[in-house]
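Shared chain: chain A. Partners: chain B in the first complex, chain C in the second.
What follows is the complex of A and B.
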């Protein structure tokens, strides 16, 4: 009798989750599953074989390097921007904050074309650099520029709220005890930021790994030189090599899954720590 | 007693969890390190010295398999045998118009293979090349040919036997987009030309053929390759494209199409352009060797095997898949691309047919 009740309660508590899965099945879960189904259609051997071609290895490596560089650069730039926006007061601060968040809303293709129009042979910077023999577009540098632009708001979004919530009394206390600005940042602000920094960097990394729209415009899509993994996937799809495309897509999906698990894990841990400190 | 026991178990618990955490951290660090090492491996100083020489090539869409898997490996072998050096192909493929736009924006291509001479002329107009360099190459830069055909579904359910069969109501046509695709420009001239070359056709035959076909166009794909992928995935009743593309699909075992040869159709001619301003002095010899190789009998045979018709007519009998065309014609029959673009594509197709269809 009692057992029945427990069982019923268990069922009813699982209902919302079951419903959610049902709704998401055609929207998210099945499309994701089809990536793996098509990747593995020709067997594990084919899956492996389509991953060890020179093009795929290069594309994956190149994507990882760009994502790492983007994450490092934006971790520094984004934290600095968040610090300035949160801790200093100047006219136009709010507006600047909005502008810095725009890359999320602008179509990535537009980011690509605007970079081309600035750094390309007909652009303002491009024409200044031309006599020096520097052509940044259609090189790995162009891909990096595009990714920095597109992923910039993530760091700001994760670090600035932490800084906003950080009570200034700690910093003021540090100052009165004779700490310099840098020392205060290092010993007071930075420890509080760690979680936000890591989450932001991982988000940036993950987004950079999957970036397509801006990259396709500025990279020139050259295999073994500027072709990232998403560009490779697109090219293979266009030429009808569905299995090869999905194999690489599956690898990217697994990488992203690991990355986001890490983000969740870190978020949970820093949350716990914060609660402990509160006690 | 109780409390003591609890304390003991707790200390054991923490000791094991510390150990566990240490193991987990070391494992994570090792995996990260391995990933980083694998990622930067080709750029390590020890790998630097055996970096091969490169050729940077941009090509129109359907060339990808034949260049990357046929032509280039053959050249690689030949170059290795002659000089002992390894050479690597850096390439990108897309619609001919897209590739041309990329070249105008300044991609570092040394060689471009374009679907139409029209795109080569655009390069010259934009100043990417100073003179019409392709005209100094063999066959005025034309590397191979392929006629324009109609792909239909197996069994030809819509009974399409010529371009005229495409104008019947209810036929859904997959076409390429003339803005970005060379194939689309060839196809429009093929459709127009087939109508005006029909014996006994009136002066308006070309325009009404284009109007009939374009009324039935349901998709415009960005490149010949993209159009084929759409058709392969089950969209549309007919696709107007390169014979090579259809032959290549059939040879890969695709059973989702049948080829219909129009009575008369155009043979497209594909143009090689050397972007000489991007070729540095020390690469000049390599680039020239590769370009010369494209017209060698070995390369032309590879083109024929993969479904292109060679500029060397003798070789074309070796591919049994080539179909017979009663009345083939060329762009020169319409006064070359410069003239055909103005009179057929711009004047008749864009300014009249499209406007009549979309009032």
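What follows is the complex of A and C.
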């Protein structure tokens, strides 16, 4: 009688988790699995061969370079913006914070369009630059610009909370000990930001790697020039080359999985260290 | 190193957090700014440190005007209430930070940090991080760090506010010993009266951005300049009264319009003047006998008694409907030197004509 009760209780405690898996299966897990199934349908040989074409190698390399550059630039810009928003007081600070976070709310394709309208051949700045022989759109620089724009809030979102939580007395203590603002940033603020910076950079990198909407607008999707991995996948799908598209998609999925595992690991470690050091 | 603060003020919006405050601190002196939270005491300290700029007034360090000097150039040591030990550095690195900024050679830095850790009673803990230390230990580290580069002035903002009572008492004693041993001029902020009295050479009572009284602890306690000060340091019974006679020897005050009490000494009050008369609960004794002619006395009925361990506090309803608190040491009952009193018992309350405080309302 008692055993039956225990068994029933065990079953009922597992029900919510079971339901979650059931819902997630068609939504997340099966689509992901199908990418790998399709990628490997022609065998490992075919999968490998479809990855070593010039187009694929360029797209993957280009995507990684852009993602890396975006992460580095946004680490600097995002930290600066977070510092200004968190540590200085000026009228319109709240509003500026909202504006800087806007890219999250705006559809990426709209970001791409707006960049085109500004920097494109008929755009406000584009028209001024054209006589000088400068055409910023449909170049790697345009892709970088779009990615910086789109991923900017991720760095801000991970660094600013750390700065908000960092009590001003740490900085004040450093000042009274004779440290300049820069020395205080270098020795006191920056070490506290490391975890947030790393997490933010990986988040930015991962988002940049998968960015499509803004990239397709500003890059012109030019193979071997501005074609990123997601654009390559899209082009191959459009032309019916499912195997090639899925091979690159599988690589991107694996890369993203590794990146997010790293982010989760780092977040857990920073949290633990923070608790240990009483931050 | 002496400090002279001249008429400094700080306003936030229309509210004056610090209002024309003047203070002087002698070389090697330890002064305490005592006040409740929001009184402006920390703001005064932060203005001395250069973390806040005053709207008006001057701060002179050894005669040199430092009012507008940034905190980096003042050469002061500051201990924060939360200690602010840098969590990314070891204890030794924390202590050496100020010296590192001053480009002191590493060997010298390490020797100094080891010496300071010994001085504050934490030898050999240099390799630990702040989270591995107790609150009391962190407080000692914060003190060692502030003293590392031999500051001209030490500023302590509620340095014992975040530790438990027992540790606080231990830390108080070692803090005073260290500060006096080094001889550094020190300004400390606290809301704890006991702490202030134990540590301070002089105490400044801060209220609503102003200094109510600045003087020796015993003076502040027994001869407070204002009603606020009398009330803020320790417990006190207040009565409204008027002066009926004032001679070279004593002053006569009538409470409730007719009950005379006396205060020995030549006091600056004249007959007819309205005053506040105060007497502290521990200065009063309860008796069944009438007072002698050289004593003050008033009678009433015991309305309430509360046991506090070391003392019992009685509230006595006076004939004129006033209420007066009296404190009796419990060991007097145990030793048979005083009788426990019953509720509703009619008693005399007696105190010396040498005690009692007269304040202008």
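The definition used in the following text is that the second predicted complex is superposed on the first by the 260 of 279 C-alpha atoms of A that agree within 3 Å, B and C clash if a C-alpha of one lies under 4 Å from a C-alpha of the other, contacts with A are read in each partner's own complex, and residues count from 1 in each chain.
Basically, a contact is a pair of C-beta atoms (placed from the backbone, for glycine too) under 8 Å apart; a residue touches a chain by one contact, two chains touch by 3 or more.
None of these values were measured; they are calculated from a predicted model.
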item	value
Three-chain arrangement built on chain A, chain B and chain C clash or fit	fit
Touching partner for A:169 - first (chain B), second (chain C), both, neither	second
Chain B versus chain C as contact partner of A:188, first or second or both or neither	second
Chain B versus chain C as contact partner of A:178, first or second or both or neither	second
Touched partner set for A:197, first chain B, second chain C, both or neither	neither
Contacts of A:235 with chain B and chain C, given as first, second, both or neither	first
Arrangement angle, chain B at one end, chain C at the other, chain A at the vertex (C-alpha, nearest 10°)	160
Minimal inter-chain CA distance - chain C and chain B, angstrom	17
Contact residues common to both interfaces of chain A (with chain B and with chain C)	none
Touch list for chain A against partner chain B, complex	58, 61, 64-65, 68, 116, 120-122, 126, 135, 137-139, 220-225, 227, 235, 237-240
Chain C partner contacts - residues on chain A that touch it in the complex	167, 169-170, 172-180, 183, 187-188, 191-192, 276-279
Chain B - residues contacting chain A, complex	35, 38-42, 56, 61, 64-65, 88-94, 102, 105-108, 223, 225-226, 228-229, 232
For the chain C and chain A complex, residues of the former touching the latter	49-51, 70-78, 80, 82, 84, 86-89, 97-98, 101-102, 129-131, 145-146, 149, 155
